[in-house]
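Heads up, the next two complexes both have subunit A, just with different partners, subunit B and then subunit C.
Up next, the complex of A and B:
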């Protein structure tokens, strides 16, 4: 095979959502040559769909402190989060929000001119005592406002974007150093090596492994697939968040901000059932708790509708003024996707897959880490991961609402600063691995050579159906074991796909086939990790092991693609500067 | 359901053509994008952009029965059969329903789409009153789908010289922001026979905006600023 063309950069960032663009901003402003690849124009990245807010203890509404935020996050994570990373994130939160405001973010305002903050699930004052208003909001379009602001700031910094380019595989040399990526330009079908001294994965989540998902079509776990194929582990992949309020049937997200502004959940009897499950925070308990409670109501026959398969989100009592000012997009979504005007009627909702807590293991600098010898967290040279594709781990077994946008900002920035600190401009490029690009070319050659085979949309549909049926809100051994078997069968089918479209020009069938290679790795990691974890913690709820088991399972899962092997590493219960928060019972 | 779709693959088609489809939909298919996914499952060579499927990312703008809109928020009950789908008008077609948006983004970039404020920022947020913040409503929500600019005859004729409704909406978004200090520079940047003044208030942009925004009104306000500073 002839060699692929090579372009060289100080840094390559894969993904142009919130975390990728926060990182690229640091690099571009420091004068590094940086290429940011994105499957879509940057403002179309899935960060754009975030609604509710960014968590930060600004204290604009009432007294707040980063330590309370830290406690809420640890408790929300069901103690699986690493306390050093959580302390770093919560401490940095106000600064990254102020920076975003200085960049021009159109936050809502209080009468005194400060940033408006709303209540959100699991956020409390004084270590769980009462709800606190911590979510910094731009109406119910916070993600949209944020991703546009970051793009705009990157335009100012003259960041170089490669729009509608898909990264296929990481390039690693014999020592394991990461040297860049192989990338595919959709418009031309050209394949190229983007060599870099540092590679940052910022590819977002993989919510499209489930059938009912709030996620965009592009969320196919590309960074996870790339890391897995490069021999790197994926951490805590069994932990997937079901957002309590996806529009029933459509899956479109309805922000927790609705409940933050005073909306409540009702069952078929018109009962505000969260009062029974979470007497203190009620509808604003953390998401895993609310989703399980809703599922329980539906299971016990108190679901709404002809099939008794959903519950209702009532917000008409907030009045048109609040709804039109604070929740305008929610009204639009409810009208379009549920046929209801939420000023007058409740919205039918069900728990819907929303967020991946696990991902590529990193440290607080965003550097990817993997076990090596006796060190469970040895740095993988040249590779960083930030945002939803990474597991740093601040979300542990369950993420608090508003902590995802915060995670993007804090760790995108931290990784950027750490990279800038390495003085890359003074360093030369390594000699490129001799087999660089071979794996990607083999994938493309197989696909192009297959004249018949499995249909890509059909196999993708089967993966989603299997994950939904076998790895849902409530799990048990029988369901999971059967799910593992089915997903492994699907793995073999993914290797036999074929496409009809032979064009080089914007061949979206080929892109979807390449994405399927990433979906299947994510699905395998998820269900194999879930089957092995014999306890209930955060988003992993097993009816056969209903309790948290700290003696045996207070540890992070590591899944490796090779043989679907599992390994474990300890949770970091030691914060950076404050006393640890030891595990205790979790009630809301 | 019946569809008539613009098809063009530069690798094999000498010129564009229309292809007719009759596809069986499922009861859960609600929006035009759902139907397009069914079409693609039958014919994987049909190319279009899509991502969020809820009208916030701006990927799947196209011309639907003669009017620009987003496939993902166009209800199938609201479109007449056969549904005729074409790429956004006025931009070069890359393939099928996918257009080359370079010119559109070039115009967006030309208005300096970022906050300009050279005073050192305070330790906390810059203060802004709720009233001043309200001035940005109806401006910042743009999703850059290009439905408006590609429905505008002035943009069709002068895509290289006229900024177009999306770019001008963004320009006013920064002029209207009390935190921005570059109003004069922004007006200078638009002081030209084409960049701003090619808008003849045809209002196609308002008619097609899937977010219900009003670029014509924003353009009018920029013109007011121009007049005020001239006197």
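Up next, the complex of A and C:
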């Protein structure tokens, strides 16, 4: 094969969401040549969907401290989070929020001019003693404001954006050094090598592997697929957060605020079932508890609708005034996606996939790490990962609300600073691996050469259906084992896809076929890891192993694509400077 | 009838940052298909230039468009 064209940069960042643009900003401002790739225009990245806020112990509303934030995060993680990374994140939180303010982020304000902070589930003062207001927000447009602020700064710093470019694969040489990516330009159908001294994956989550998902269509887990195909492990992929109230059949998220204002959940008998499961907090118990209770009601036949497959979120008793004033967007969502007017009728809801806690393993500098010899966390030279695609691991088995946007800022910045510290401009480019680009070209050649085969949308649909049925809220051995078998069958079907459209310009069928290669890796990692973990912890709820088992399972899962092999590594229970928080029961 | 290239381009531009917009635009594209006129596509392109939250405000009826020309198209999106 003739060689692919090559363009060279100090750094290539794949992904222009909050995490990618926070990292690129550090690099561009330090004068490095930076290319940022995005499948869509940067300000259309999925970060724009975030509404709730960014957690930081500014203490603007009442006393707060990073140590309390750290405790909440560790407890939320069900002790699977690494305490060094969690300490780093919570300590850095005020600084990254003030930096963002300085960049021009339009945060909501208190009358005295300080940043207003709102209450959020799981945020507490004095180690769980009482709620504290810790979430910094820009109305219900926090993610949108953050992405626009970062984009403007990046344009000013002369970051080079490659918009509507899709990264296909990582390039690694024989020593395992990462040397850049192979990328596909949608406009022309051209394939190119973007060579770099440092590559950063910031591709976001993979929520589209489930049928019921709050995630936009773009979240296909591309960085995870790229890492897996490059022989790197994926960490803790069994842990996925369900949001209790996604609109049944559509997935669109109904904010917790609805229950905060007094909305309640009802089963087919009109019973407010949360009173049975969580007598104290009822409908406002934590996300995983409410999701499991809803699932239990549905499994026991008390679901609503012709298929008895959802429950109802009732808010008409709040009255039109409260609904229209405090929850206006909810009424529009219910009308549009559930065809109900929530002023008069309840909204059909189901627990819906929302956030991926696992990802590409990294250390606190954002460097990707993988076991090598006796070191479980050996650095993979030239590769970083940040944001939802990475697992540093601050979220452990369950993420605390508002900690994801914080994660993007803290570790996007940390990775940027670590890269700047390496003095890349003084270094030359390595000699490119001889087989660079071959794997990607083989993928494209197979696709273009297949005159008939499996339909991409159909296989994608089957993956989502299987994951939903076999790897949902409650899991057990039988369900999971059968699910693994089915996903492996689907893996074989992914290798036999064909597309009808062979055109070059904006061939969306080809793009979706390439995305499917990433969806399947994420699905395999998730269900194989879930099947093997014989305990319940955070978001992984197994009806056959209902308890947390610290003696055997206080460890991180590592899944490898090769042979779908599993390995494990210890959780870091040692913070950087404070005393460790030893595991204890997680009750709210 | 739109040619394949124009259609592909518009389909990709309908990939958004918010699921709400993804769902409405997908329904709309499925209903109208390649029977869309060039004029409609040009208007849709203009709407797609908007940030996701603004586009959603328009679709959800929280705001009215500044440009009256997009009115009929927006009504179709609102019905989708």
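By our rule, the second predicted complex is superposed on the first by the 505 of 588 C-alpha atoms of A that agree within 3 Å, B and C clash if a C-alpha of one lies under 4 Å from a C-alpha of the other, contacts with A are read in each partner's own complex, and residues count from 1 in each chain.
Methods note: contacts are C-beta pairs under 8 Å (C-beta built on N, C-alpha and C of every residue); 3 or more make two chains touch, one makes a residue touch a chain.
For clarity, every value in this text was computed on a predicted model and none was experimentally measured.
Does subunit B (first) or subunit C (second) touch A:156, or do both, or does neither?
A:156: touches subunit B, not subunit C.
Report for A:108: first if it touches subunit B alone, second if subunit C alone, otherwise both or neither.
First partner only.
Considering only the touch criterion stated at the top, classify A:413 as touching first (subunit B), second (subunit C), both, or neither.
Neither partner.
So, does A:456 touch the first partner subunit B, the second partner subunit C, both, or neither?
A:456 sits against subunit B, while subunit C stays out of touch.
Have a look at where A:43 lands relative to subunit B and subunit C in the superposition and call it first, second, both or neither.
Both subunit B and subunit C are touched by A:43.
In the superposed arrangement, which partner chain does A:395 touch: subunit B (first), subunit C (second), both, or neither?
neither
Identify the partner contact of A:148: answer first if only subunit B is touched, second if only subunit C is, both if each is, neither if none is.
A:148 sits against subunit B and subunit C alike.
Between subunit B and subunit C, which residues of subunit A are contacted by each of them?
On subunit A, the residues that contact subunit B in one structure and subunit C in the other are 40, 43-46, 48-49, 141, 144, 148, 216-218, 250, 252-253, 329, 332-333, 336-337, 501, 503, 505-508.
Show which residues of subunit B lie in contact with subunit A when the two form their complex.
Where subunit B meets subunit A, its residues are 9-12, 28, 30, 37, 40-41, 43-45, 47-59, 73, 75, 94-96, 98, 101, 105, 109, 112-115, 117, 121, 123-130, 132-133, 136, 140-141, 143-144, 174, 177, 179-180.
In the complex formed with subunit A, which residues of subunit C make contact?
4-5, 8-9, 11-12, 15-24, 26, 51-53, 59-62
Would you pull the subunit A residues touching subunit C in the complex into a rising list?
Checking each residue of subunit A against subunit C gives 39-40, 43-49, 141, 144, 147-148, 164, 186, 213-218, 250-253, 328-329, 332-333, 336-337, 501, 503, 505-508, 511.
Provide the residue numbers of subunit A that touch subunit B in the complex, in ascending order.
Going by the criterion above, the answer is residues 40-41, 43-46, 48-49, 58, 97-98, 101-104, 106-115, 138, 141, 144-145, 148, 152-153, 155-156, 187, 216-218, 249-250, 252-253, 329, 332-333, 336-337, 455-458, 499-501, 503-509.
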